[in-house]
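Each of the next two complexes has subunit A plus one other chain: subunit B in the first, subunit C in the second.
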Partner chain A sequence: MSDKEKKKAPIRYSPLDGLFKGRQGVLLGLFALFALFLAIFPLLPFASGFWLNTLTLILLLAAMAIGWNFIGGYTGYAAFGNVAFFGIGAYGTGLSMIRLGLGFFPSLMIGAVAAMVFAILIGLPILRLKGHYFAIATVAIATAMGEIADSWTSFTGGAAGITLPFFSPIEWSGQFFYYMAFLLAMGGLLLTWFILNRKMGYSWVAIREDEDAANMMGINTTWAKVMAFALSALMAGLAGGIYAYWKTFVLAEEVFKIEYTLQMILAAVLGGTGTIFGPFIGAFIYYILITLLVFFLPVGQLHATILGVIIILVMVFTPKGLMDFLSGKKKLSVNALLENIRTYRV
Partner chain B sequence: MEREVILETQNATKHFGGLAAVEKVNMKIYKGEILGLIGPNGAGKTTFVNIITGMLPITAGKVYFKGQDITGWPAYKVGRLGIARTFQIVKPFRGMTVRENVAVGAMFGHGGHKRSPREALEHVDEIIEFVGMAHLRDKHADQLTLPYLKRLELAKALAMDPELLFLDEVMAGLNTKEIESAMELVRRINERGITILVIEHVMKAIVGVTQRVFVLNFGQELAQGTPHEVLNNPEVIQAYLGEKFVERFFRQQKAA
Partner chain C sequence: MESLQFTQGIVNAILLSGTLTLVAIGFSIVWGILNIINLAHGAFLMVGAYITYWLFTLYGVDPFLSLPISMAIMFLVGYAVQRYLINLVIRAPLLVTFLLTFAMEIVIINLATFFWKGDLRSVTPDYAGLGFTLGNVQIPYVRLAAFIISLILTGLLHVFMTYTKTGNAIRATGMDIDAARLQGVRIPQTYALTYALGTALAAGAGTLISISFPIDPTMGGAYTLRAFVICVLGGLGSIPGVMLGALLFSFIEVFSGIWFPSLKDAIALLVLVLVLIVRPSGIAGKAFYH
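Here is the complex of A and B:
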């Protein structure tokens, strides 16, 4: 009798809240179709170099946004310097390949581990800071890393950058990097899901909702936050390494660009922070949005300022991301946008 | 017969800059008892709990839990050791359901190491029922009213399987009926073998549930004793309760 009752009332996990019911179930199905499409995309006849290139960029952005979501979305720490991990991943991979003569995959591992170690080392002191103090610290560190890479000529090649060997066979290059980016993004989604079903996932959300309460309830908050930061560094570091080998060139002012941080945040925010698929979908939304903007606005090129303004607009009008509307939790209307402003007191 | 001490502070002191919020407090909590901690607003009651539980660093003094020196331990270690608390200003995890809120306690608290998230989520059914929130199990915490938020605080603390529980004004803001049932709840928690320290301004509740009362004033011990001894102590009445309060208290008593 009581056994039956237990079965009748399934336990709901709100980090995964609603994923498997109603419109969310439909969305999940759509996502599976989309993922399948992406998986076979390079085999399709219209998969030109241009499209492969574009999708590789979007998937790398998606991977970084998924990583940013760990610290920014689930743990609730406004990390504004994740490009530092991208840059370290790029340099770590590039330098391992040309200085140590290692193959791409071992070099990529070195780059990614370097990014994670760096995240742990800076995370321990700066994750004690709250709110905008933390945000400022991350911006400062990312900027400093760019300066160091730029001026430490003997190690990084300085302003001349470092040149990597080409992928061979070169005719498969486009497909290779596309699939690297695709696997990274998919791996990121799996990692998110895996963590959410573990104690780590609960620690992150608890910290985001109330760090003091989380701490008092037995959560080693320092460890959980550092893990969130390190895993977001892992995603960005891997993306950076793939990017470096793809472009066969690493230059400080390119791989430490603050715009990259803003892009990953924007992708996560557009799709919905603190959701599994939000950052992934958001990367596509971001790309379409930006393409339209560049097309219709006479800006020529999108500067950090414009990205910043967009972030603020999205945060003000729909802090939980467009997923809120897509998933049917809310209807998109002026009233809903205004209500968001009231609810989140931005 | 010598009673077993579960928690002891020796000269526990907390200064905020020049303000001595807690000054050389020596307190013993005996295993199995319900001890009341009272004192006027700003007396240092919450701060005292904060320095014992590691929420705030202690300025000076020692804290022993079951004979073990836990002075300066981080809060999460204190929580895992078997001390739980509620927060005067409730701290729900708003984005989580009631069940998940409570399960966090069962996952990370004193008994947490032996439970997976799924086991924790199943385990807390009984606790949610115990605090009378079974019908709200799958509601998000941000949809709860204050009385239920207070109960949620209780449930989260209980889920940690504590041996010692600090209740910081869980009855503040509740109406008479709600206070009655909260008192009943506190007694039943105690019957489960959990030692409790209750901080409360509601004197009726202090008289009704505690066996012993400790009075803080300006961060220092003012008196200790049975509820009746303490509440009839002229020093306590004059230095701390204030005239209006006394009047109200005796009116409350007559009415009861």
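Here is the complex of A and C:
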């Protein structure tokens, strides 16, 4: 790099610097408008049950993707078992409501804390693992948790599942869960922004770039990694609890489905891992893609194939996500799409 | 009665270890040489099993004779997949190849379910139920044959990797890709060949499994996970290590199946996590293919 270029490069102290200037500022404004739209959406005349339902699903997915981004995006650990936290959140909430007779909010807290504690307990040993080993260990734990929940009939209800009471008043149920999901996703964005401005956020990125160097610089890497894992568990656990009460039914096969992990990773990757808004936008892009494809290829049973093909295309052409294109860092062109292949092929 | 169950368990575990060696060895080569976790491994195994099933059901081909056919077909498929898909992003960060092979698995399983339906099927040649008893222990012919064939294929792989120029090229690529390239090894083709060997071995294992057990499109996932556990147990990158890992894993699986039937998979997975935590390099240590 020449001296001239060095002088030109702006020194960025925080993720907020430069955010209000130029194209980024416009994007932030657009996002604020979109958030406002989402906030008043249920009050709009055309907000039917279908749209409310779909948006609730998207926002829950966005919340989980934001959570996954902490460990997978910023810290760079390919966690493949985050559905375990979703499941624990769902069971924790459901069981507290049924067995302890608590209200929804205390139960949700219990479910979320249970997911976090579990993340800390398994995170301490398995976050020592690197790369593939960590990824598979998380898959293994998620699968084992599903199996345990399925066979521990006396506690979890086993294959019969547990049935939760309906939300009352029932006519506001759609709006209630929509706002829960909306608040969770927005809270996740705020949390991301908050942490990125703190030492913790810098620690995560430092670990992703070079863990040994981060250690040498005096960062408590174990603490930072476990925190990233626990916070991603918190997001997934809260999403799980909300989902459980929304569907009023918890079943191991349903809440420990590995597809959920895949969806949250895909949402994060589509938008752009390691960015604040990437996972949120990615969740919307993911749903739009899936819905369009299912609409134009009306073969319901091939849903999973479509999902798989999307993942393959994303991995081959834009594994860094669409954030670079949206924020104007890169222009969308054939060349830009082929750049990834040029870099990584043999 | 207890001791009979115990000896039968030991024999079952040993017979199982042969097939599992074959399952894990292809996975292990791909992991060791290409440094990717091939999550589609089990899906290729499943396709191999279905090739045997269809050849048997439609044309009456003996399942053991269909072994070379299913291996050859999946060899070509694997070669094409690596050469024209995975090679495009092979040097990308781990998450990319991980998700890529995961997506391949989803696509293959979903298409198989769509075209062949999800029901359990079995390959039932006339000799399927036959066997002999040794003392009190029952040994089915097909499982013994599967065990022996697995060992032969493993031996052939060892000979190929050690004594042929191509095998040496594969090992060299795994050791040092730049040095291998300087020696004139064509890396893309070698990668494709390695992956093709992996899928062919998976298909072979699928064929052998289809003779002893019922098959369905989702059977593969469990075998991918088993292959991973075995590679971790045995240590990555050596054929004896994989055999040892498979033997150990078979014992864990058979006996946890006898003692805690409903938690069979959970126990295998917890063993995996424990081994990863206590000794991440595996029991046999980290050597390379030799």
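Throughout what follows, the second predicted complex is superposed on the first by the 311 of 346 C-alpha atoms of A that agree within 3 Å, B and C clash if a C-alpha of one lies under 4 Å from a C-alpha of the other, contacts with A are read in each partner's own complex, and residues count from 1 in each chain.
We adopt the following convention: contacts are C-beta pairs under 8 Å (C-beta built on N, C-alpha and C of every residue); 3 or more make two chains touch, one makes a residue touch a chain.
As the structure is a computational prediction, the values presented were derived from the model and not from experiment.
With both structures placed on the common chain, the touch criterion links A:Leu184 to neither subunit B nor subunit C. Touch criterion met: A:Val269 reaches subunit C, while subunit B stays clear of it. In the superposition on chain A, contact of A:Asn215 is made with subunit B only, not with subunit C. More residues of subunit A are in touch with C than with the other of subunit B and subunit C. Contacts of A:Arg198 after superposition: subunit B is touched, whereas subunit C is not reached.
Of the two partner chains placed around the shared chain by superposition, subunit B is the only one that A:Ala206 touches, whereas subunit C remains out of contact.
In the superposition on chain A, A:His132 makes contact with subunit C only, not with subunit B. Once the two complexes are laid over each other on the shared chain, residue contacts for A:Ile312 go to subunit C alone; subunit B is not touched.
Put simply, subunit A uses no single residue to touch subunit B in one complex and subunit C in the other. Interface residues of subunit A, counted against subunit B in their complex, comprise 11-14, 197-199, 201-203, 205-206, 208-210, 212-221, 274. Within the complex, the subunit C residues that touch subunit A are 31, 37, 85, 87-100, 102-107, 109-111, 113-114, 187-188, 191, 225, 228, 232, 262-263, 265-266, 269-270, 272-273, 276-277, 280.
Contact residues on subunit A toward subunit C in their complex (touch as defined above): 72, 78, 80, 125-126, 128-129, 131-133, 135-137, 139-141, 143-144, 147-148, 151, 262, 265-266, 269, 273, 299, 301-305, 307-312, 315-316, 319, 340-341, 343-346. Subunit B meets subunit A in the complex at residues 53, 55, 74-76, 78-80, 84-85, 87, 91-97, 99-100, 103-105, 107-110, 112, 116-118, 121-122, 138, 140, 156, 160.
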